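First chain A sits with chain B, and in the next complex the same chain sits with chain C.
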Partner chain A sequence: MTYLFIILYAITLVYFALSERVKKFIWLLAIQGIILFGIVFYSLNEIEIFDFIFILLETIIVKSLLIPSFLNKVRKHNQLKREDEPSIPVFYSIIVVVISILISFLLSNYLNDIHLHTQYFTISFASVIFGIYFIIIHKNIYSHLVGYLIIENGIFLLSLAVGNVMPLMVNLAVLLDVFMGVLVLGIFINRIGDTFNSVKLDQISKLKD
Partner chain B sequence: MLSIIFIIISAIFIPGVIAKIKSKIGGRRMPSVFQPLFDIIRLFKKGAIYSPTTSIIFKIAPIIYFSSVLMAAFFVPMAGQQGLLSFDVDFVFFAYLLALGKFMMIISAMDTGSGFEGMGANREALYSMLVEPAFFVLVGTLALFTQNSSFQDLYVNLHTSTQLSIIIGIAALYVITYISMVENSRMPIDDPKTHLELTMVHEVMILDNSGFDLAIIHIASWLKFAIYGTIISNFVVQSSWPIYIQIVSYLLIQMGYASTIGILESFSARNKMGKNPQWIIMLSAIAVVTFLTTLIITQKIILN
Partner chain C sequence: MLLIFLISSILISAAIYFIRNRFVLMFMSALFMISISAIGVYSYFNIDKGDSVYFKFDSISVILTFIMVILSIATFYHSRLYISRNDFSKKSISIYYATFILLTVSMTMAYFAENLVVMWVSIEASTLLVSILTFHERTKEALEATWKYLFISSLGIAFTFIGILFLSITASSQGITDLSISNLISISSSMNPLWLKVAFLLALTGFSAKMNLFPLHTVAVDAKTFAPTPISAFLSTALINIGFIGIFRFFTIISSTEILHWAQNVLLIAGIASILMAALQMFRVRNYKRLFAFSSLEHMGFIAIALGVGGLGYYAAILHLIFHSFVKASLFYQIEQAHQFFKSYWIENIGGYFKLNPVGGLAMILASISILAIPPSGLFISEFLAFKAMFLGGYQYIAIFVLLLLTVIIYKFSKFIFHLLYSEVPRDLKIENVKINPFESISQFLLLGLVIYLGIDPPIFFTNLINSAIAALN
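Entry: the complex of A and B
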């Protein structure tokens, strides 16, 4: 069952590359949150009630409800354009995401180590690479935030790949980091949006003391 | 033999059902299911008119297009029933038969010397080229999964019993359905009802064809619909079922397929022309992900 969610996660990455609408990014992030919950839920051998609540809080509540609704708020506040066209044509982005997924699957096959759960490593590596690529091709701070969240989802999966049990403290730290990151960046975007009436990165280069 | 008979029967009904569904949703009076058939009979009664700029290519292209599509239909099995012809790796032959027909239509469109038709031919060639990897990766995936390489054996041995094979089944269905939309020039790639030559893809290529030629081009398109509908139904209909259940479920799936096209075309808008290539390459991307899933199932990629 874990594989089902891993494959679905890979398909969401393809859709991230395909979509140009800001609203779709938010939807896809929410879906990724649910998929992450599925992956963790089916990978835990025995679930204690505390662990279950924590996972539920981290994936469903924060990743697929709180963060997307906050992002939506930021989108509305700044009156972002419906479409955020990347600087590289989508056609090439799809090829890049497919290559990154292929490389990460082949790399996992090659790594085949007993200390590493390669099934999670496959998609986490692809997710991190694609997150970085997503940040590079978009010129909008808002999309950079989305890219950051994709990378963060990849890191979440990486924590599953390297640990035999869910490292609670690590996850708690990552969760706090994401929450603060999104909150601070969101406020930052709002302030820039209020000052320049745009969240394009070109505007920031004009900043002076 | 049964497969080709049923492909022809469903080819007669599919365009009528699509038209019926579309007019029902659009709030218009529904035409008869046989209306497209009457139109074809009317076209057969007329003679063809050829422009003086065209050559022999324009005259023979519709016949070759029709015969290549009919030939391709011979290879498609229906549920457990064997196709009329079958050999190893026949899906490659199938794909290239369809490509031959398309190639003839493309050069015949360019033969007319019209700028519009050249543009349509250009688009058609691009989209067919882009959709080809999706088809081959998908059929390759199924071949790897079932360890068989002919259309017939591929479907007979396709059992979606485990959870991962269900993903393959669903992804394959999704990709094949949209490949059929691209191949048949329907939504969201092309709108068959568009009236502007600049926004046409397939329709602009056959603007100069008339009478008998136009009729057989239409029949070939219907056959293509039925072929893809049969390929889709093969994912669902199992060869172990009794024959009458196979036939009933086959016909139901064909009607469901036609209704889906009608509903899709009534409610969805066409893609922007510039966004079509990326949309088509997305199908290949999903096919590649399906391929990776098969590699995991067949343990070509070992993960722990």
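Entry: the complex of A and C
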């Protein structure tokens, strides 16, 4: 079952590459939150119950409900509907997703560490690589925030990859990172939208000598 | 002890934010200054002792805390002057001071953290607090600088977290699951070198945004340019030291492993790239605060090289970090004073400062001589020791290349400072209402005097502290 969720997570990455609508990004992030919960749920025999409850709150409440609703507010505030065409065609982006998953798969096989859950590691590494790629190809700070969240979801999976030996503190750190990061970045996106009348990157690149 | 300090500081910060009364602000600020000074003294007398499982008072953290205590007191003083000369709302002032106190607390936690995750959380908190302070003036430029700082730092800190997770993978194979720095050091020689290398690279990249080091140095430069100047001084010193301690902790873990030489080469590359970038930017820079920020890039590059060289270089690196903190803060405090006359930080709008404010001009000359590592500056001693380590360690080609780059930097930096001090006063300048008390430069003279004293005749406890801090590396 865990493999099914991991495949579903990989599919969401492909959809991110395919999508151009901002609303779809939010939906995909919410779906990723649910998938992350599914992955944790089927790892229950390997995780202590207190950690499980914490991760449940982190995935369903924070990642699937709070953050998407906050992002939606930011989207409405800045009247964002359709993402500008990314600088690289969608076709190439799909190839990048596939390659990032392949590289991650080969890397986790190469590492073959008994303290590492390779299936989680594969998808987490792919998520981090794709998140960076997502930020690079989009020229809009809202999409950059979405890319940051894809990376954060990758980090969450990575903490699961070493999860059975990690203390609660790591989970707390991931939660702090996501929650505070999104909250503050979202507030600044609103500010930028109000001040510059745009959230496009070329409008906010004035700091030069 | 630190938990009590944390809770009491949060309460002080909350009181300043909610009460918004001048007397409360002054009283609470003084109370905080006393409490953070007490923490500094307490840590010195409890060196190498733990404070709960998450914190420890080791030599490097004690040194950095003392620097921060001194600079936070000076920054409070200059913040008072800055606030009194600008028309800010009560709310804005309370946010400024409350955030500054919380930033100082988060830095203290990061310095004393004995656990990598606690250190990471403290540094993450400092990123958010810095963004609030950088945006204090609510200008378009400040907004852009804040956004860039927040986003890139958050990404950087996320990569550092990946590095910590990678480190935990190899640590768990040795039975260590708590990410305590002492425990990680004790098992480091039996860790998987591949995981260690990846973790170090990720940590170095992430912390470079804080330390103002290549590759993520640009966001730190922007933040320092557009933050309120007393805060720029604090960001260029105490916050840089947070990035340093992050890299230093990882480097300490690696120092007793087979990949030490590899890590030193990585530091050398980062250091040389930083100085090269700083030298190139000297030809483009048009703003004094940006000039000082790029000067920090140069000095941090030099510290990375000194760490990379090893041996005597370790001592030089710590010494350089201490002296840079005091001198750079003085430069920023003094340029804020000059700003009162010129209402600008742009080089083209500034000139004849020595004529307008002889005492301030003198402070600026002394600070510039010090930052360029010209005797009697303490930075001359640290640079001399670092170059000695380079020549003794067989890094003479690197030393010559760095010397060439430093020559370029010294030439361009001096040119800009001479322009500030001795060029014609701008014709349309109105200075009738500008009143600067010469005593406003006293903190700069004290800091610069301290650098000269510690360079020429360092007390035994000072050298012992540095030697103890680098003992783990040797």
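Everything below uses one rule, namely that the second predicted complex is superposed on the first by the 194 of 209 C-alpha atoms of A that agree within 3 Å, B and C clash if a C-alpha of one lies under 4 Å from a C-alpha of the other, contacts with A are read in each partner's own complex, and residues count from 1 in each chain.
We adopt the following convention: a residue touches a chain if its C-beta (ideal position, glycine included) is under 8 Å from a C-beta of that chain, and two chains touch if they have at least 3 such contacts.
Here the structure is a predicted model, which means the values were calculated and not measured.
Clash-free side-by-side placement of chain B and chain C is the outcome of superposition onto chain A. In the superposed model, A:177 lies in contact with chain C only, and not with chain B. Applying the stated contact rule after C-alpha superposition, one finds that A:159 touches chain C and leaves chain B untouched. By the touch criterion stated above, A:114 is placed in contact with chain B and with chain C alike.
Once chain A of one complex is fitted onto chain A of the other, the partner contacts of A:88 are absent, as it touches neither chain B nor chain C. In the superposed model, the vertex angle chain B-chain A-chain C (Cα centres) comes to 150 degrees (nearest 10). In the overlay built on the shared chain, the residue A:151 is in contact with chain C alone; chain B does not reach it. In the superposition on chain A, A:192 contacts chain C only, with no contact to chain B. Put chain B and chain C next to each other and count what each touches on chain A; the higher total goes to C.
Superposing the two structures on chain A brings chain B to within 14 Å of chain C, judged by their nearest Cα atoms. In the superposition on chain A, the residues of chain A contacted by chain B and by chain C overlap at 114, 116.
Residue ranges on chain C touching chain A, taken from their complex, read 115, 117-118, 120-121, 124, 128, 131, 135, 140-141, 143-148, 150-151, 154-155, 157-158, 161-162, 165, 168-170, 172-173, 177-179, 192, 194-195, 222, 225-226, 281, 284-287, 290. In the complex of the two chains, the chain A residues touching chain C come out as 111, 113-116, 128, 135, 141, 144-145, 148, 151-152, 155, 158-159, 161-162, 165-167, 169-170, 172-174, 176-177, 180-181, 184-185, 188, 191-192, 195-196, 204-207, 209. Chain A meets chain B in the complex at residues 1, 3-4, 7, 10-11, 14-15, 17-18, 89-91, 94-95, 97-98, 101-102, 105-106, 108-109, 112, 114, 116-119, 122. Across the complex, chain B meets chain A through its residues 163-164, 167, 275, 277-279, 281-282, 284-286, 288-289, 292-293, 295-296, 301-304.
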